[in-house]
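Encoded as structure tokens, the structure appears first; notes follow it.
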Amino acid sequence: MNIPGDLKYAKTDEWVKVDGNVATIGITDYAQSQLSDIVYFEFKVDPGESVKKGGTAATVESVKAASDIIFPVSGKVVELNDAVADEFEGINSKPYETWFLKVELSNPADVDALMDAAEYEKYCEERGH
Amino acid sequence: MFIPHTDSEREEMLKEIGIGSLDELFTAVPKEFRFPKLNLPPALTEMEVLAELTELSSVNESTRELMCFLGAGAYNHYIPAAVDAIIQRGEFLTAYTPYQPEVSQGTLQAIFEYQSLIALLTGMEVSNASHYDGATAAAEAAVLAYHHFRGKRSRIVLSPAVNPQYRAVLRTYMSGYAGLEIVGDEAANSPFTTIEELAKLVDVNTSLVVVQYPDFFGRIQDLTAFAQKVHEAGALLTVVINPTALALLKTPGEFGADIVVGEGQPLGIPMSFGGPYLGLFATKKELVRKIAGRLVGETEDANGQRGYVLTLTAREQHIRREKATSNICTNQGLMALASAVYLSLLGKHGLRQVAELCYHKAHYAAEKIGQIAGFEVHTDGPFFHEFVVKTPAPVADINLHLLDHGILGGYDLGKDYPGLENHMLIAVTEMNTREEIDTLCEVLQEYNHG
Amino acid sequence: MAEPTIYEISSEGRIGVRFPEPDVPRTDLPAGLERTTLPLPEVSELDVVRHFTHLSQLNFSIDGGLYPLGSCTMKYNPKINEDIARLPGFAFTHPLQPAETVQGNLALMYELQEYLKEISGLAAVSLQPAAGAHGEFTGVMIIKAYHDANGQTHRTKMLVPDSAHGTNPATSAMRGYEVVSVPSDSRGNIDLAALKELCSDTVAGLMLTNPNTLGLFEEHVVEVLDLIHGCGGLVYGDGANLNALLGVARPGDIGFDVMHFNLHKTFSTPHGGGGPGSGPVGVAEHLVDFLPGPNVVIAEEGSEDEAPLFDLAMPAQSIGRVKSFHGHFGMILRAFTYISMYGAEGMRQIAEHAVLNANYLLAKLHKTYHVPYDRICMHEFVMEGVFEDAPGVHALDIAKRLMDYKFHPPTNYFPLIVHEALMIEPTETENKQTLDQFAEALIKIAEEAHTQPDLLHSAPHITPIGRLDEVKAAKELVLCCWYPEQD
């Protein structure tokens, strides 16, 4: 299970990379392995939209399941990675190199509330598989 | 009675389980509720039930005895013998939903062919495996549109010329969505509102516009310009269709419809007092992931052999649960099969023939009725196989008179449209011979003078 | 060998069924509206019959063998049902015919309404909904309408057990409710303590399947209903598992406020490869006015010599129409025929033998497969399709291997709360020999899982096709077999 040390993690299996006031969001290796082969991806927000922590960012679908990508932080959507909608195989093969969207943080404390790599690893172990 | 157990088998089984009697199987049921006495008639054997129900069926008057000029959403068409022969095959009839594709290729391929036939018939890019009926298909189109715009557009524009039952069901389905307004078909509106008038109601807050083609009054018109207006406002256009008509007429796909829904009963399904029928649902490619209901897709097995599976199942209730946009599970599989067989049996040549027969006979009937004093054919402009007649007396009275002569008269439009008392909707299909149409006219003539 | 598609066997110019030439003068087609190409197949009638006959031979079906799908109640579909549905006096009636001309149909629908009331112990029934999920939607709408009529619009939550069928939460969400999941306890019942925590005046109700999807009768059903009623909520009964309760217990007696029936499960109407079904809804007295409509009522009472006059009417505060016309009359006919052949005693015998068959299989299998809930089951039971000492073998492999033994697999991976679930429901129409063979096959497969697991991984071997690539299907999305450009 790949869990890079320099990222923050949400309980809903998104990873967050913070650069100044901008958070880049994707999903973890654990998440993509649970979903198995992804066949579809769809954004649920537009650039410029204000979003709240806990809201739905996107939907990702495999043959077994459909999952919502949840915003781990609040803020304003500044960029969507449109390439993902066409090349979603990258989500499975390179989950940490495939980002979905960038959010300008409205509340930097949101990031502190997330787990670090060690906490996330423990959390994954507790869940089994 | 289909329980096979013998006394000795029952004993052996109880022993294997380790209990003494059948009653012990139900100890978890609270005593106060256990084994109620049901007040049902005594059991009948197959022989007796057939006799009883044959007698009950003979109480009815059916379109076997009556000449049928009634349509309004269900139509009297000829069903070739081979349709029933195929759907009665136990391998189709008693199979389950094809969740295990290796043992369900028959059902899966048949549905795949059905999807193809409907997509091609409607001029659209993709069809689902069916909805319950035309009305619920129309309602699901409204649900699709709502989610397509993520709930941000709150207006639905409905033509009053859409089947009244469809509009009612759509309203029932959408009553759970807060802040939605459905406009266009209010009682005060003229039922013959033109689509140009309707277009004025379409704004940037509109998610969906629904029109019917041929409309409830039988009328047909080109929808290209109307579709453009709908799309200029960024809304989706749903067209409710009659599948027989599409053999003859330009398709909604050509007009630019986003969604096509309709009632598939005319395609080889008996009228059977209203059901089971077949909800047709077809869309443009872009909307495929938003479609409710099952989809069958083509794929391969490990040896490269072509096969079929239920696909995009992640949209459906058994995976998505509360996030599914629709809860539909069982649909109308056997009816979809019936229509696929019907469309195959008739084919390019036959379906066109049936449509032409309906068209020419309806126009012949309209011409003749228009010549009867007191009766006025209200339909100006092109129509398919139904038309409106203004009658000299209440439709119910005229229909009573017609029944006495073995004729099932048209639909009383006054029931659904306050301004249309004394207006009858008459349907003519390939099943009505010239003699029948002439008889109808004679009896109507007689009514006016008698 | 794959069967070609109907388009692949088309031959330009070939004609199937013919119709007469018009016996009336022709009218010109409307200008600019005529269709120019009609891309339908061109095949002969024999082509069609052979094609669909071949397709049918690729299917597994109840007529062909055991189909032990849990919660689907794959019982024998009596052939007499088919004959009766085709009686011309029934099949050729138009839904909008005047009531006086279809008294036979209306009388039959009225009687089925009465039978279902009697079987369920509820006060009124609507036959309009087209399927179980449709019935659920109707029922949830009735609950909402009732609360709204009583000014209880703050009730925004619907409680749904974690073992529930997916249609339950999907339906609640469709109606705008917030779905709150209720956990199960170690005996497979609803966790009463958890339920108590969740009960409040923001709860509209609970959707409960009883017996539940584990095949177990809710041991505290009275307490569960009391808790929900106590906080002002209503209880919806998912009737999918009614086969275990016929003549044994009536949901209305127990206190359910509203429920749906699955005529295509409990009442033998055929599954048809995915429908049509029929999902009538029954309600307790306080909900009678909210039913969808129109439903059949007695317009004029009968007498000794005369039958009553039946008609259709909308209930006083109806939620409205949920479907065109009156419901799936063809399935209503079949269910009526079925109940007529059993009577009151027969109803109870159905439940007794359905439950007997399930417990018999359970007794034969529980030493080989792990059964998480160790008590007498109802008409179905759930076991785990994994073995600690045979890693790599999953429920899916067992299911696929069963096909090689000529059995349709049971339901797998449902309910979600059992790991690698295999849910087995034999129904009452299977005889002891079939059950013995089925148990034997499962025991053999368990052995194979330990000694020859590859046989399972590569199964099925004898079916017309092997395991299919579902990822390819979803990615490439080929949903249509012919395109005009190919002409």
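The chains carry the letters A, B and C, assigned in the order they are written, with residues numbered from 1 in each.
Here is the rule we use: contacts are C-beta pairs under 8 Å (C-beta built on N, C-alpha and C of every residue); 3 or more make two chains touch, one makes a residue touch a chain.
Remember, predicted model here, so these are calculated numbers, not experimental data.
Enquirer: Grab the C-alpha centre of each chain and report whichever is closest to the global C-alpha centre.
Expert: C
Enquirer: What chain is the most remote from chain B, judged by the mean position of CA atoms in each chain?
Expert: Computed centres place A farthest from chain B.
Enquirer: Express in whole angstrom the distance between the two chain centres, defined as the mean CA positions of chain B and chain C.
Expert: Whole-Å distance between the two chain centres: 20.
Enquirer: Centroid of chain A to centroid of chain B, CA atoms only: how many Å?
Expert: Centre-to-centre distance between chain A and chain B: 43 Å.
Enquirer: List the centre-to-centre spacing of chain A and chain C in whole Å, with centres computed as mean CA coordinates.
Expert: That pair's centroid distance is 38 Å.
Enquirer: If you look at chain A, which of its residues touch at least two other chains?
Expert: 39-40, 61-63
Enquirer: Using the touch definition from the top, which residues of chain B touch two or more other chains?
Expert: Correct list: 311-312, 314, 319-320, 323.
Enquirer: Could you list the positions in chain C whose residues touch two or more of the other chains?
Expert: Within chain C, the residues that touch at least two other chains are 470, 473-474.
Enquirer: Which part of chain A faces chain B closely enough to touch in the complex?
Expert: Touch list, chain A to chain B: 39-40, 42, 44, 61-66, 68.
Enquirer: Going by the contact rule set out above, which residues of chain B touch chain A in the complex?
Expert: 150, 289, 311-315, 319-320, 323
Enquirer: In the complex formed with chain A, which residues of chain C make contact?
Expert: Checking each residue of chain C against chain A gives 470-471, 473-475.
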